[in-house]
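Consider the two complexes below, in which chain A is the common component and chain B and chain C are the respective partners.
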Partner chain A sequence: MSRPGEAREPPGALSVPGAGLPLEEEVDIRLRADASSRRPVLVCFTTALFWLLLGSIAGDVSSLKLHLPDLLVRQGWLTFGRQRTVHLNAMIYGWASLAMLGVSLWIVPRLVHNTLRWPRLATAGVVVWNVGVAIGIALILAGINDGIEWLEMHRYLADPLLVVGGGMVGVTLLVTLLSRKVDHLYVSVWYMFGAFVWFPVIYVIGNWPTFHGVESGAVNWFYAHNALGLWLTAVGLGAIYYFIPKVLGRPIYSYQLSLLGFWGLAFFYSLNGMHHLVGGPIPTWMITTSIVASVLMIIPVLAVAVNHHMTMIGRFSALRYSPTLRFVVLGAIAYTAVSLQGMFTALREVNRITHFTQWTIAHSHVGVYAFVTFVLFGSMYYIMPRMVRREWPSERLIRWHFWLVLSGIAIYVIALTVVGVWQGLALIDPQVPFQRTVEIQRPGLVARSVAGLLLTAGHVVFVWHYWRMVRGPAAARELPPFYGVRPIVYTEPGGKP
Partner chain B sequence: MTRVGLLIFGVIATIGFAAIILVGLPRVALFSVTAPPELQPYDPVQQRGRHVYIANGCVYCHSQQIRNAAFTTDVLRGWGDRASVPADYVYDRPHLLGTMRTGPDLINVGVRLPNADWHLIHLYDPRSLVEWSIMPAFPYLFEEKDPEAVGPGDRVVPVRGPRAPAGKVVVATEDALALVEYLLSLRRVYPVPEVESAPGAEGVGPAAGAAGAAAARAPASGPGGRTMP
Partner chain C sequence: MLPSSLAVLVTGLFLGAIALGAFIWAWRRGQFDHLEEQAHVIFDERDYRLERPWETEAEREERRRLYGEPVPPEPGEWGGAR
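Take a look at the complex of A and B:
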């Protein structure tokens, strides 16, 4: 009986379509799928990591400036307002989106038992996307941006390239899907399919140039919240649904819950955006609609949480030998946490305090980092050995990466959440001078810089490891990292699963 | 699921529904909002200043909205004497409502701080005027010239203190002057008809009323100036 090390497919992975085929045939299908998506996936991952490093530096610079305000002030491109914007755009459209394109390009062909069709078009699409991000970020540094949060990249010079590039990748996935060799569509395919349809729709609406006044504010947050909910979250959940059953060799707990989670997300999440404007000068009914939809998110969130947890339950020891699972499961937990926190924050009575404070910044990092980025790291740990046909060279580097980013994000979120509440309570108390609300933040801002440096260090370790794996001397390692860790799940043939 | 058609239909229907509710309906509802007579469109200099504001990311720390006094304490803080309404923003393209108050709200900064020199000094070196400020300094919006090189059209900024450049004179660039013009134009103090029931003002209606009642109690029973651990 084979042991479920990272590089092996546990024979029990029956949760994905193709269950029942002879093992050799199943493996053969996977090998052909992997070979077909190899080039575009590697281009995605490599460029995504470039943006991850760039975004980390811009994030660190922005963070330091909030408590060292006279640092690097002589040049316009180094000012806080531009570095922060570069950080957000590099992380969302560079790192997360490109890594998500890579994960989707790898997972979809596997799940539909097909090879990736038109892989050259996919690679070209990824290149076009990258050019768009590069132009957008260069213009932001030069002080040319659209002025709308999450949509700063230039409306005509940068953004169309993302729609075209993403569209090219989407077409290859659609053609792959339509010529599929299996009847059933696995849940990950729903999410990824949805994401590739939703993203261009919301992105075009968000960038539409005719909105002005408060309407422009409403469209801003319609877009920005859906970029999280229907793009980042959709692909992130799709990846979680793939990797947990895959690594454990155990099917997803409930098909019905998967359906509820997916359609609930599609229906409720898309209406959430106005909770970013609670109290603002837009019609009350819009805000109320979004608050109601935010609270109703409890349905899909619990459905997904129960589904993931019940699949994991009894198997948590597998986290010891699978870095993929470690990152993906923590990401899944963060998804539940950030969603519940988001619902709570949308309530008017809570929002009175937390709105306009560092609480929001902490919240967004639970979502984009602890959930999405962790899932993407986990996915890359699984996918890369199958792309370059080598194992990850070092257990030690994996450990360093994991503990640096975990401690970094923990400090980050705790520090800013605490000072956010404190700042919020001070802001709504007219007896407290504004000066105090600034001073209150300081310990949190300093702690966040420390956290940011830990995260950056983790990213450098990961990129170094990635580079060694791809470019280093042919790996001496024949077994996957942590192969020696005694797997608890499959040691007893015939034992209880 | 086995049918791609069903998936396509559902995926498009859900986003279409949301777009109708949150983008389409507001388009209709806000169509009739017109600017109050006291609100002037931004002139070209103010518009340029607005671009400088956007280019340098002021919006990431400064909001431009006053929330209803029944809901929260923006008015008591002295940032405005009434809640902002959609009509206040008719000429804003794009909006700059903001989501953070790392710095104070600016929708009425032109009323609160009407002195252009104050703003120029503050932009050049915020901490020379506000010791505890964490706002970035923007020296790149200024030129440091030799005193004899100052031309007749130059706006000399009366910078003092330890960060003033030795032997040089600080002269504001066109961008700095435009930005200050824009900041001074931020005055939304004219009366709007029946603020309490102005169409589209958030914080109206029974739900907000209840929240407002709680808000009214909050300052008295709230944490006050107490320092939290």
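Take a look at the complex of A and C:
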């Protein structure tokens, strides 16, 4: 009997819908699914990359201002308060959300063996979403924002367009699901549909106009943390569960664990958000509930971590050959790291040091960048050749992209984590003057700017490569970009080279 | 004005209720049956047989034994979509 994750006899034709079909029929299903989702997916990815660049530049400006405070101070729209806010919203609602919409629109039809229903509605929804983000960011630059973290875009002029646009995309996916040709819903479908159910609920509650002052903090962080866990994380994990086994040609180590991970997220995650307010003027029961919920997340997080690791173990050499695997596997590792870090940080004794420090910034970037963005990069490397019917033109540009963003995020996280701990220890020491706690941060802030510039450079490379692929002539390449990499020769599985 | 603590509690319970309802639906519809087989639904025959340059000879032999002769990637993109 084979161990989980080992190749085994594929299921018989009668036990799994779709299995045992003639290869030509299976390929036909896949090609028709891809063709139906091509336009909305390309609109998603192209506009997402625009916001990635804009958000990157705004992030760089914000970071430089932290240690060069006299930089670009004459114009209001260039001040830190607006640039940092533009960075956050462009990255979350522009880049990450749109790229995730694209990944969902591509994966779901494939997994339900159906064409995307009402693709024009999906495309229109993506356009509406983009208009909402554009209005929101324009108003932020003009100095108009709601003053709620992660929800700064205008509540009445921008946010409704995100709700409508996202709803339009959600409806097309729902109709596609309801007319599916398979009985079983693969775990990625659960994650993605969960995200489309959870996000509108938390987004509306988060934007509800009746909460003010200190009390609004509770609702604010209920939304912000759930946006990370029930929107960004859900689609990210759904993508990981598809792309890792698909590229390896082997099933996930334990499908049972994958479902445990999903249902654990669904039941335990929603009350985590209050751990951002440990020590704040919020009812103690809410803080304690959030800490308990955070610790309970160890169950789904470990389930996911074990699953990903055991699927990959012995096959990490595949990362040399597949840009998709490089990014997705590193993203999966980052998911485990940020989740465990988050649980650790939720504990009161740890939080008293890390709260209000650069540690939190590092933690959030491990989540949104090292996990979510890396998974989205990997997904795009897989999906795009299937959309435009040609290979990525340049191995070199893939390598440049990878190493620039990897080095950038590594410097970013390490520098701010170390500085955050120093800062926190200094803040809780009554002998240390406040001025000193600010000076402690400077090396980390400079490193952060360097890291940010590396990340932006990587994004420019990726966007240029994407543009060449979409607009350029068909590449002369016949094989995937890394296929010609000289292999590391093993004499036996797990043996030395 | 609705206290924010009540709003967080109610919304959290609502999300939990959605999850519980979906879980019950999935249980009744057999979504937790035949899980070993369900892990394979993302693959087609070509996914199993596609030549992968990182695999050792032993792994290729295992794949050949289980799924048949390997097929090379076709021009166009990794995985051979046409």
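Things to note:
Please note the rule applied: the second predicted complex is superposed on the first by the 466 of 497 C-alpha atoms of A that agree within 3 Å, B and C clash if a C-alpha of one lies under 4 Å from a C-alpha of the other, contacts with A are read in each partner's own complex, and residues count from 1 in each chain.
The rule we apply is simple: contacts are C-beta pairs under 8 Å (C-beta built on N, C-alpha and C of every residue); 3 or more make two chains touch, one makes a residue touch a chain.
The shown structure was predicted, so the numbers you read here are calculated from the model rather than taken from an experiment.
With the C-alpha superposition on chain A as described, chain C and chain B clash in the combined arrangement. Within the superposed three-chain model, A:184 lies in touch with chain B and with chain C [touch as defined at top]. By the touch criterion defined above, A:87 reaches neither chain B nor chain C. In the superposed model, A:427 lies in contact with chain B only, and not with chain C. Once the two complexes are overlaid on the shared chain, A:275 sits clear of chain B and of chain C alike. Of the two partner chains placed around the shared chain by superposition, chain B is the only one that A:441 touches, whereas chain C remains out of contact.
Shared-chain residue A:317: touches chain C; no touch with chain B. Within the superposed three-chain model, A:201 lies in touch with chain B and with chain C [touch as defined at top]. Residue contacts after overlaying the shared chain place A:211 against chain B and chain C alike. Of the two partner chains placed around the shared chain by superposition, chain C is the only one that A:251 touches, whereas chain B remains out of contact. Here chain B runs into chain C after the superposition, and of 20-28, 38-46 or 110-118 the stretch doing so is 20-28. In the superposition on chain A, the residues of chain A contacted by chain B and by chain C overlap at 183-185, 194, 197-198, 201-202, 205, 211, 215-219, 222, 230, 259, 263, 266-267, 270-271, 273-274, 282-283, 286. Note for the complex: chain A touches chain C at residues 7-11, 15-19, 21, 23, 26-27, 30-31, 34, 110-111, 182-186, 188, 194, 197-198, 201-202, 205, 208, 210-211, 215-219, 222, 230, 242, 245-249, 251-252, 255-256, 258-259, 263, 266-267, 270-271, 273-274, 282-283, 286, 315, 317-318, 320-322, 324, 382, 385-386, 389-391, 478-480, 483, 485, 487-488, 490, 492-493.
Contact residues of chain A toward chain B in the complex are 65-67, 69-70, 73-76, 79-82, 84-85, 143-149, 177-178, 183-185, 190, 193-194, 197-198, 201-202, 205, 211-220, 222, 226, 230, 259, 263, 266-267, 270-271, 273-274, 276-284, 286-290, 348-349, 352, 355-358, 360-361, 422, 425-432, 434-439, 441. Within the complex, the chain C residues that touch chain A are 1-5, 7-8, 11-12, 14-16, 18-20, 22-23, 26, 29-32, 34-48, 50, 52-54, 56, 58-59, 62-63, 66-67, 73, 75-79, 81-82. Considering their complex, residues 1-2, 4, 7-8, 10-12, 14-15, 17-19, 21-23, 26-27, 29-30, 33, 54-61, 63, 65, 67-68, 71-73, 76-77, 83-86, 88-104, 126-127, 132-140, 199-205, 207-208, 211, 214-215, 218-219, 222-225, 228 of chain B touch chain A.
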